[in-house]
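Quick one: the structure is below, questions incoming.
We just call them A, B, C and D in the order they show up, numbering each chain from 1.
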Amino acid sequence: MITLLYFARLRESFGLSSEQANLPADVADVRSLTEWLRQRGGAWQEELAQDSPVRVAVNQDMADPDTTVHDGDEVAFFPPVTGG
Amino acid sequence: MITLLYFARLRESFGLSSEQANLPADVADVRSLTEWLRQRGGAWQEELAQDSPVRVAVNQDMADPDTTVHDGDEVAFFPPVTGG
Amino acid sequence: MTVRIQTEDFDLGAEILHLRRGNTGIGAVASFVGLVRDLNHGTTITEMTLEHYPGMTEKALAEIVEEAKRRWNIIDALVIHRIGPLKPTDQIVLVAVSGAHRGDAFAACEFIMDYLKTRAPFWKKEQTEAGAHWVDARESDETAAQRWIAPST
Amino acid sequence: MTVRIQTEDFDLGAEILHLRRGNTGIGAVASFVGLVRDLNHGTTITEMTLEHYPGMTEKALAEIVEEAKRRWNIIDALVIHRIGPLKPTDQIVLVAVSGAHRGDAFAACEFIMDYLKTRAPFWKKEQTEAGAHWVDARESDETAAQRWIAPST
């Protein structure tokens, strides 16, 4: 079970700010997790398209596609930041 | 007749903050004016020594040795600035 | 080193006084305030909403401030970032850095702002007369942040 | 563009509010406050006196601010410099610059400070327990000012 968080445009597109998910055995890193979410189709497919600039944080640290994902992790998806 | 102003350490060394002076005919620029003042000896000779870092402003603009000096000008002598 | 995320406004003068308090070795305080402009790319902004990632925001800002402290000889630093709805001319962010000398204070302050703009999880949504939209990240912000990747002098 | 020489203290928050007043296009305010430190080169300072060249000071500062306005895209700028006797932790100088974006505001603010330190006719006299002395100009200030002589980006 991991916690998934969505922020800003993604939160609105998905109509969801967070969810708990049981990952399939073959989802072990950010790349495969993103691919798994993309297969939900619709907004998921669009927002998480391979050329999209979506950022991912694992346990509140910026991650890259190779970052591993474990049970109990908090994984957040969001657009490039625009604060300040 | 020109107005001479002295600031900071120079003002204290000369014991003078300003004076009116009639210049000899051969004093035409900052270099010759400084030399003329140096000839007063004592603190003047010391503070205005050729290797001293004294700054000169003519009519409130920074000047160099070649800047000309005319009747009616305001010429100021002071150390490198240390404000801020 | 203080990092605060808040909906309330802040008082620049009072914050700087507090940052300075008790340290007689401070010779320089550099600060930056970011404000909501009423125009962005030619469109009139009526309101703006700032969303953030609670938890990660504080962590990211604390790391940025720690990095600034490693790189420059500074005494203290303060970051305040507002969230929620804001209007044109409202204050968004304050970054203030104290130090003995101005060069380090200026550099650390600008560094923190540049990194905050590209690494702290905040998102702006602008409300205009034509509707609401999420603000796109600006390439110039990434360029500004990249400058600091080379070792600083 | 405002330049003020005064013996009285100034209120950073109030001055920045005044600088911003009436301009809804301001997205960035960079500011700097210089303060009297109680230690300089290891010596305890009990008091400091700032002397200036009335007339030339205002002229030099106005020219520095105009030069900043030519070089960067800024909206307004403010310089306040105090004169007379000051004590440790007292404010000496405020430079504040407003603009649409932060890069220009930061650069113009630091430029004005660096030029003020080397080109505006102020002199500091420090009072220590061992007596009073005029502060020597620092080579590092000249170096900081020289950076801006190359065309800015």
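Quick note on the criterion: a contact is a pair of C-beta atoms (placed from the backbone, for glycine too) under 8 Å apart; a residue touches a chain by one contact, two chains touch by 3 or more.
As the structure is a prediction and not an experimental result, all values here were calculated from the model.
Taking the definition of touch as given, a chain qualifies here only if it contacts chain A and chain C alike; none does. Think of each touching pair as a link: the shortest run of links from chain B to chain D has 1 of them. Taking the CA centroid of chain C as reference, the farthest chain centroid is that of B. Inter-chain spacing, taken between the CA centroids of chain B and chain C, is 48 Å. Centre-to-centre separation between chain A and chain B, using Cα means, comes to 72 Å. With each centre defined as the average position of its C-alpha atoms, the distance from chain C to chain D rounds to 22 Å. Chain contacts: chain D has residues 34, 113 touching two or more partner chains. According to the touch criterion at the top of this document, the contacting chain pairs are A-C, B-D, C-D.
Residue ranges of chain B in contact with chain D, taken from their complex: 5, 7-9, 11, 53, 57, 60-62, 76, 78-84.
Every residue of chain D that touches chain B in the complex is listed here, in rising order: 34, 50-53, 55-56, 59-60, 81, 92-93, 113, 116-125, 134-138, 141. Within the complex, the chain C residues that touch chain D are 11-14, 16, 20, 24-39, 88-89, 100, 102-103, 105-106, 109-110, 113, 140, 144.
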